[in-house]
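Structures are listed in the sections that come next.
Next come two complexes built around chain A: one with chain B, the other with chain C.
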Partner chain A sequence: MSNDKNSLLFQMNNVSIAYNTKRGALKAVQNASFSINERESAALIGESGCGKTTLATSIVDALPNAAAITSGEMLYKAADGKTVDLLKLSRGQMRRLLWDDISMVFQASQSSFNPVCKIRTQFVDTVRAHRKGVSNKQIDEMSRALLETVHLDAEKVLDSFPHEISGGMKQRTLIALSLLLDPRLVILDEPTTALDILTQEKILKLLRQLKDDKGFSLLFITHDLSIVSELADKVITMYAGIIVESAPVKEFFSNPKHPYSSGLIHAIPRLTDTDDELFSIPGNPPDLITLRKGCPFAPRCSRCVPQCHEELPPFEQVRADHYCACWNPVSEGVHHG
Partner chain B sequence: MDELVRLEKLTKAFPQKRKQDVVILRDIDLTIKEGETLCVLGESGCGKTTLGKILAGLSTYSSGSYQFCGEEVRTLRKEKWDSFRNHVQMIHQNPYESLNPAMMVFDMIANPIRRHKHINDIPTLYKKVTDLLELVGLTPVEDFVDKYPNALSGGQRQRVSIARILAMDPKLIVVDEATSMIDTSLRISLLKTLVDIQTKLNVSYFFITHDLALGRYFARGQKAMIMYLGRIVEESPADELISKAAHPYTRAILSAASGSSEILQHSAGHYELLEADVPSFTALPSGCVLHPRCPQRIAGLCDCIQPERYEVSPGHFVSCHLYAKDRA
Partner chain C sequence: MKTRETVLYLLRKFAKMIVTIWLVTTIIFFLIRLMPSNPVDRYIETQMVQYGMTYEDAKARAAHLFSMDLEKPVVTQYIDYISNVARFDFGDSLLTPGLSVLEIIGARLPWTLLTVGLGMIFAFIFGVIIGAALAFKRDKWYEPIISGFASILSAVPDFLIAIFIILLFGVFKFNGKTLMQISFLRGNYSIRMKPGWNMKFIIDVAKHTFAPSLTYMLSQLGVWILLMKGSTTKCLNTDYVTMAKIRGLSSGKVLRSYIGRNAMLPIVTELAMRMGLIVSGSLIIEQLFVYQGIGLELVKATNGRDYPVMQGIFLIMSISMVVSNFIAEMLYAVLDPRIKLSGGKQNGR
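Presenting the complex of A and B:
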């Protein structure tokens, strides 16, 4: 594995995903393009229903039956240096890649474990499915080592059923399970929702440390900006199925270009800043089936220009590593969009 | 301002089969004045929702006293009980489950008026319903009266439940995590609506949340308290609670919430609890419930005696031995 932080690991080009619904095609993701470098941690943020979970599950080929990827490519640079398009792989090839190279921790991790199997069985099954000729003892050692890195009592956890351990422990066990085969890209869907604040802090710290130790890349979905500020190197903002901005984390907070990103940052109460007036973004998210032409954010946007109602803005580079899709981006120094 | 709610030594225990009762709330003392907001902060499972339910009359209490407008709630009967139930209303957490999907917005708000105020005349009802919808910011009103909940977004649904509650002219509204299911970009406007309603109608809020920053924002200039394992550990004006947190537990959750990141927030100093799991309600530690996790515990004191409430500055109470008068 190369230690170069700037070598590209995963790239998504113009991916569109649609759900087949009674009312017609629901365009959950439209022309999404982003990339993740090795050892980079990217945060995918946006409101509920903006397509962020759909986008992430499409990478691991776990979309619901009603959804289909209608266009685009997902390029993944495998460990041997070859670049493959995940969408063109056969089922068998994909199965080998999943969990070995790309693993995912789903939302509602509280119910991701099989309730009738002990945790040990679930670790053993995972290894057995991917590696041949590994003895039970070796698997046991691997799982133990991992569970200890996530600060769990391996002895106790391995012999427990999922209902016997607490939510925070389950979440940490799942993180351990997702790292079992040394993946190079780990996708986490809402890694800390449903956990209390002290456990959340613990898990974030752990993820940061594991990422540095093991050198994997992270793609995590959240709607909590404080988690973003702690864990991400890069922030990808989605709105109504469109990636509207992708920026390095510092720049995202200090100099957001898209009015939606800027609005989000100013809609969140902070603990330490005093007397900062907060702003909501007026209006409601659009219906993804009956999308109008132009920018989907235009009806709620304070910086809207006539062009916004006519044409979808292109996803363009505004500075190094900073991309934004907006006709009238927020200029530097101006706050609240 | 008149006192609306007074709790004294309120305790709630759930009986168990063949086992000792599980005590969820212990010795809760608090007062809420008319037109005042009290914000309750705490982790999941600390008893804050149970306390909210007791205040709303949806649950009973085991011992202690709960006075509403000077009358003991336990002794209320018939008309008095009915009027108490009308005066205390609750906004539930999940607006996707708390509205009847088969009912139009108009009926949802009009039914309580029909039932409790005996107004059946449609023009008067319509006037009342539209006034309420306007108050909660669902305008233009004509667009909303004949909608079913499935056509509304989370924020709009929550506004409908607020309008429905306001139809009863409540004095106290228990707001249980009412914004946690709503998109970030819409939360603030909902909170602002709640504040507007408070200024217009002089209602009191019992605001339950686990989000410290949100609680601080909503309770600016008002009171806030922190709960841990069924007890109030700290109570103070909201701003002081954040800037001058005194209890070790408060300091730990503040430190965790503000995080270690330099980008978004500047941590007010790092403070961590000892590594230990949250004790279960069935086996609470002796003495101060925090002592197994507290880095500042005093051996021989914290693990034996439950600390009293000490006043560290006007209106700022802490239940911790560190602030005992004779020690300071």
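Presenting the complex of A and C:
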């Protein structure tokens, strides 16, 4: 099989992104490197404001005007087997790749639909932008099938204006829309935040199933580690604009290397915990404009060594498929000190 | 289902418009009649003092001119007045006896609609184009310059613009010649011209229309530029536009269906609303260019205390405001699906 799990689909190398702000350059992403294989599902986690959305939107060329990619490359292996750097594509080439190959659902997806057009029109527009000679009836059938898989009343949704459907329905409609052209990489920024627990469960199950059926790769952002354990093959941890760890999901939970990852895992309340004391990481993330030298996590880190204040730790391989940026990684079996 | 709702909505809005017009008409009736030293009494007094008429004669004359019977109780007068207005009968002019107010309005209003209307349409077209272009060129060096110019333009009073236009086209000499003969800067058409549907007359009218139209256009242009720039900028930053781009839609499609439609929504309704301001917008410009339109007529009527004409023009002004508001509301309902047809209020985004 050509698209087995180990063939590389997308690889980001040393990407840095800065926002131009009144106070100066805000380094939202620094030297980010990670990869996603075909049919792989990667979770991007980290505290609010650490740069997850910025990193994800940079892939689909949708950064706000104030943001600029200052360095790096984004290698994408196209369907024809050729590898291209997304950052070097012309606007037209990129336009053809978008949605057909790479689709994305925004974090604040509530206003992602044109308020003056029916949902149907927006499905039709999407197909028309990429496929010639598809009849409206065919588009209707495609849309309906997808909307039904996300448990929506397809006919009603297609005939509605965006303001006529609920927030959760909108989010599911967007998930359906993101799959409309059978993309190879789907990016979902907090896909289930507007949903109640039951719907959330259903959607997760569905995503897992759709991913297996259709064979797309997934990059999703979440704050919920239970979703990570359910849906991810790989976990990418970000802290203050830096990817600090990238690990296979099992290893992430059983043997996290970075003290921050370890801290996140231990911050989850567990029903089985005997002591009801919840471990939380003291302190706050640093300001991304006035970053000091050294490891940005140092002020909050319990494993901090003198070197941490001097030099940024390199993002290095610690095991197979497992990378970490830390001078004093958590040792095997020990969780947090 | 939807159609029934829409029809009901239209009917409700229409009823509201009729009620507003009725209210305005009534207010004008009582303003003119019940104020101390009201125009009718003033007229009677003047006639008695200046022409030595008896009170009865003066009153009879006033009653005729104001097309009301002053002997009747106010209620009857009011009913007569309303039924006259409903038939567009506003009485006769005091200054030019024998001419009805409606005839005067009928003769003057088209000229105003021509000059001010043209000025408004061009201000709208240029404003929308320039404003939209500026929204796209927000990081260019010339954007703040043009936007600043638009702000200044929108703040300059129209008489200053008129004076500038008169100086530029009729006074300053370029290579020993003014840009236009000064006679084209006064009046509706040249004195020797015989009105008629021939090319010569039309060209003459066009030349006379140019300066007042240009003045009105310039006085409105800044506002349209700023409105359109603001509206487009707001749309450019919305999630649905970003989303449309991510979906790989062509930039033309995004511009038309996603940015254009949403950005034009408030602009088009604003245009409909401003249509109602044509008459009041003509006041100063028509004076400066001695342009025989409804605005100049109102000034003349005010100076000559020609109350029936004033009343008629005020009525036309108010009614056109109310009607254009109604049209604006209709347009909004048609163009924006978020308008709740039941309450007529816009949903939040």
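Quick note on the criterion: the second predicted complex is superposed on the first by the 327 of 337 C-alpha atoms of A that agree within 3 Å, B and C clash if a C-alpha of one lies under 4 Å from a C-alpha of the other, contacts with A are read in each partner's own complex, and residues count from 1 in each chain.
Just so we're on the same page, a residue touches a chain if its C-beta (ideal position, glycine included) is under 8 Å from a C-beta of that chain, and two chains touch if they have at least 3 such contacts.
Predicted, not measured: the structure shown is a model, and the values here were computed from it.
Once the complexes are laid over each other on chain A, chain B and chain C both fit without any clash. In the superposition on chain A, A:Gln200 contacts chain B only, with no contact to chain C.
Residue contacts after overlaying the shared chain place A:Asp140 against neither chain B nor chain C. When both complexes are overlaid on chain A, the residue A:Asp100 reaches chain C alone and has no touch with chain B. By the touch criterion defined above, A:His130 lies against chain C but remains apart from chain B after alignment on the C-alpha atoms of chain A.
Judged by the touch definition given at the top, the superposed model places A:His163 against chain C, while chain B stays out of reach. In the overlay built on the shared chain, the residue A:Asn114 is in contact with chain C alone; chain B does not reach it. The superposition-derived angle at chain A (between chain B and chain C) is 80°, Cα centres, a multiple of 10. Contact with neither chain B nor chain C is seen for A:Asp321 once the two complexes are overlaid on the shared chain.
Of the two partner chains, neither chain B nor chain C is touched by A:Glu73. Residue contacts after overlaying the shared chain place A:Val60 against chain C, while chain B stays out of touching range. After superposing the two complexes on chain A, the shortest C-alpha to C-alpha distance between chain B and chain C comes to 12 Å. Touching chain A in their complex are the following residues of chain C: 138-139, 237-240, 242-250, 253, 257-258, 261-262, 265, 335-338, 347, 349.
Residues 43-45, 153-156, 183-190, 192, 210-214, 216-217, 239, 242, 252-254, 256-261, 263-266, 268, 273, 275, 277-278 of chain B are the ones touching chain A in the complex.
Per the touch definition, chain A reaches chain B in the complex via residues 47-48, 151, 166, 196-198, 200-201, 204-205, 223, 225-226, 229-230, 249-250, 253-254, 260, 263-264, 267-274, 278-282, 284-285.
Partner chain C is touched in their complex by these residues of chain A: 60-62, 64-65, 95-100, 103-104, 106, 108-117, 121, 125-126, 129-130, 161, 163, 177.
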